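Look for chain A in each of the two complexes below; its partner is chain B in the first and chain C in the second.
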Partner chain A sequence: MDSTTSWGLYTVFVGGLGTLAIFSFLIKENPFYRFFEHLFIGIAAGLGPMLVVRDFLWPNIIEPMLGRTITVYPDGTTSAPYQPLYLLYLVPMLFGCLYYFIYSRRYSWLAKVVIGFTLGASGALAIRGFFGEVIPQITGSFKPLVVMDQGSFMLAESLNNILFVVTLLLVLNYFFFTFGREGSLQGKAAPLGRPLLMVCFGAFFGSTVMARLALLVERVQFIVIDWFAATKTLLGLG
Partner chain B sequence: MKGRRLIYLAMIVAVSVPVLLGFSLPPSRLVSAERMYSVVDEMQVNPGEVAFVWLDFGPGTLAENEPQAQVLLEHLFRRRIPVVLLSQYQQAEAALQRIPKEVAESLEREMPGQRWAYGEAWVNAGFRPGGQIFIQALVNAPDLSKFLGRDVGGMPIAHYPNFSTIGGVEHVKLVGEITGLVGVLDNIIQFFQKGGYRPTLVHGCTSITIPEAYIFVDSGQLKGLLEGIAGAAWYSEVLKQHHPLSDNSRLLVVNTALSSAHVVLIGLIVLGNIVALWGRRSRRPNG
Partner chain C sequence: MGEPLVVTKQPTDRRAQIIRVCTFLGGIYFFLYWLVPEKFVEAIGLTERHESISNGFIAVGAMAIGLGLFNLISAHGDRIVFRKQGWAYSLALLLGLFSMLIVTIAQWQQGLATTAEVRKSQVIGEFAQRIVEDSEKGASVPPLPVRVEALRRYTGERLAELDATTLAAGGSDGPFQDEVRSAASSVRLSLAGLSAVGGDALSPEGKQALIEVAKAGGKLGATESTLLRNRSAATTVHQLYRFLYDGVFNQLGAAMFALLGVYIAAAAYRAFRIRSVESALMMISALVVMMGQISLGQLISDQLPELRQWLLEVPNSAAFRAIRFGAAVAGLMLAVRMWLSIESKSFSSGKGQ
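This part shows the complex of A and B:
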């Protein structure tokens, strides 16, 4: 954040006030916190649609359709001829607008056409994405249990791969519910997957705590360095 | 209630002391971050080829993702690899504008006389909605600069010499995805490929998503990974080893403050368990 200009100083000052307001919840619920919480939600909700219109719809869809991307030179010639094909954008836009018929009892079936199309397209994308993402992971799990490098046995890599494969099989087995497993070897092995999953959840929890602390560090750094300096300058003390 | 506030206070003190004193410890070596450094450092890039860096983060994960974006961009800029910046996330707007500018200014201060100008070192293609559909269309476009159209300033991307002849996706040598959001990395992994060509993919993730990201490192889909602040800190340290004037002092202070908070947290967990055990034992009826 540029804190060298007066606009930048005020931005830092308001940012620091917002941080302190949200942190004040740690003491107890209070109006200062409530005000900034609502302010943040309002800004986040308003920013999204505005950015979609400003950065995407207007420059990439509306302006080309209106021919506003074409420069007209003083002699009357243009930088490029108008492309009437841009008007075809209107077709999917109007089709998408049918979604708003969801508010009409009589014509809500029109919205269902759009929803059906969206579900079909999403389903097809998900299937394609599945193969792009999961197949390399399946092939990546085919690891040699005995790792050799230039004729010598690599103990650490081999143990690593054995641990990986055993964990994979035990956890997959834990979630295998197709057959009755009482008394079978599969049934006896199933509980072994549980502690391995607990290790995984522990790692997730630890990393979540780490992420939250990282946010705290950044905010503390912002308050004690940037905000104090900006406040001092604004009050004429720095 | 009072005890909880004391814990908050202990955490704030643990974090504030290194920040106030500017105290820093050397970061731990992280293999994935080091591998990412090597991938970027050894990459052969010909004229007309570029790197795509997606900054998919907003204020919520800025603390971890911003240092990652800084170190990756610093390295790409040092290597003079042209970067196309874009995002799948609306709230990344400020980061897309500010971070490359600050990195370029810091490099210009370090090396007076050299320039990293907008339009030469990087272009900002801005927020692009559509997720999977957009990426699928992007990789199938015969000319990426034409497909992307205009940058955030309204200038055609093809207008900038370094980006006028990108051609198709096979001219994208590296894709960097810096995010803490669920799903956006999957969009890149699933769809940023064409006809068997997959650019080298590196990723900066928040600490929360480290366990998920490791799956992709293990399968070879990710060639490098920055694990939260610690990953960025080690990457910056490797950068400093190769470029001694690179300034990573602020990042190392943050990393140290984080470690200090971890030590206090572990101490509190141990203390809490001892107190709980003690309490249980003293409540147990005698005999």
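This part shows the complex of A and C:
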């Protein structure tokens, strides 16, 4: 943020005030915290719909439909002919308006039609996503157990790959409940997945803690360096 | 003899059927697009229309944006009007909502106006380029002299308009204005070369002259864009947007995430109490990852960052993938059930609220 202009100074000042309000929750919930919490939700709720309109509906739907993407040159010719097919966008838009029947007692089932349509589309996209993204990952996970490079055996890489595949299989086996486990090899191998899962959770936990703490450090730096300086300037002390 | 048995369909059954059919139809396009061989999709011309069709699907969902706004305004407006408990917080929420809506709309409109203004200059270069392309292709367009005359007239009018509006305004953007003036001079100079374009066929000299106009026009558009965007960044609307977005939204979002850091650190204390071999493994793994990331870890051992990297890339990655695969299979089952309307009978029952 630019704190050299008066707007910049006020922006830093309010940002710091909000940060302190949020951190005041560590003591206990208080009106200062709740005010900024509600302000944040309000701003987020105001920004979200505008982003949908500004970044999606307007450039991708409304502008092509109105022919605003076509340039009229000085001699009357155009950059491209108008595509009347774009008017078909009115159909999904009108169909999407069925969402608002959710407020009608009598016709609320119409909202279910459009919700069902959206769920169906997302279901099919999820199926496509599984085969398009997860299947290549599954095949890629079964790495060669013996790694050779220009005729020589690579011990470290081979051990890593063996450990990778064994961990993958043991953890997958741990979550496999479809068949009876008692007495079978699968059942006997299942407990081996737990310690490996714990190693994974620990690493994941460590990464998350470090990421959050990095944010905390950034916030503290912002308060100590930027906010103090901006406040001093605003109060005429700096 | 009793009454003949008449089976009538309830309206709710028909509604349920409509909902199920629509749910199925919603997914059939994307499913078939993935399933059908690519050659066939290309042959029927679906590849180039796929983006537009996908946009149509997104447009259906995008129409629901008003629902959230309506619910928020109705719930919090009710609390304010009837002075219910916490009405002042609702007021803060609605204040944030409306101020962000108004400022974002104003900033967007400003951006559209700037784009439209810049577009007028960009047309010079594009039109000159278009004349060259159409002449080479032999497209059915007005005769070449008519088009060149139209280009000359439009460019003259645009440059005069620029002098009277954009370049007439004073301010602290002198260097940017100088760049636009220089680009405008280049356009004027390049226009002089258009006298080489004569007759109905485009001569090599004429083509070169038009290419010069195209280049100069392109530069004019780019410099004007920089100037106008620099000017709009200094407007009150833009400053207000930055104030709400950078000063409040971004700062509060970062603070909320950082606050979670404190709670995670507290949770870490509880989680790291070693009660079994497994919790010890978890603690060691977390400690290696954390210490390997900071300089203190390097002071303890040079190998710690490498060990951290290995831990993340081999055992952690393998175990995490196994979890992901399990979740993905479950997600696949859920998606199939959702698409075929067997996930929730109550949803597709067709009954009202």
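Here is the rule we use: the second predicted complex is superposed on the first by the 204 of 238 C-alpha atoms of A that agree within 3 Å, B and C clash if a C-alpha of one lies under 4 Å from a C-alpha of the other, contacts with A are read in each partner's own complex, and residues count from 1 in each chain.
Here, a contact is a pair of C-beta atoms (placed from the backbone, for glycine too) under 8 Å apart; a residue touches a chain by one contact, two chains touch by 3 or more.
Values in this document were obtained by computation on a predicted structure and should not be read as measured data.
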Chain B versus chain C as contact partner of A:184, first or second or both or neither: neither
First (chain B), second (chain C), both or neither touched by A:136: first
Touched partner set for A:41, first chain B, second chain C, both or neither: second
Touching partner for A:118 - first (chain B), second (chain C), both, neither: second
Which superposed partner A:203 touches (first chain B, second chain C, both, neither): both
Contacts of A:221 with chain B and chain C, given as first, second, both or neither: first
First, second, both or neither for A:109, with chain B first and chain C second: second
Which of chain B and chain C A:27 touches, first, second, both or neither: first
Greater chain A contact set [chain C / chain B]: C
Contacts on chain A seen with chain B and repeated with chain C across the two complexes: 1, 26, 44, 47-48, 52, 56, 60, 121, 125, 128, 130, 132, 137, 141, 164, 200, 203-204, 207-210, 213, 215-216, 218-219
Chain A residues touching chain C - in the complex, by the definition given at the top: 1, 7, 10-12, 14-16, 18-19, 22-23, 25-26, 34-50, 52-54, 56-57, 60-61, 71, 73-77, 79, 85-86, 88-89, 91-93, 95-97, 99-100, 102, 105-106, 108-109, 112-128, 130-132, 134, 137-138, 141, 160, 163-165, 167-169, 171-172, 175, 194-210, 212-213, 215-216, 218-219, 222
Residues of chain A that touch chain B when the two form their complex: 1, 26-27, 44, 47-48, 51-52, 55-56, 59-60, 121, 125, 128-130, 132-133, 136-137, 139-141, 164, 200, 203-204, 207-211, 213-221, 224-225
Contact footprint of chain A on chain B as seen in their complex: 5, 8, 11-12, 15-16, 19-20, 60-64, 90-91, 93, 98, 126-129, 132-133, 136, 149-150, 152, 154, 180, 186-187, 189-191, 193, 206-211, 215-216, 218-221, 228-229, 250, 253-254, 257-258, 261-262, 265
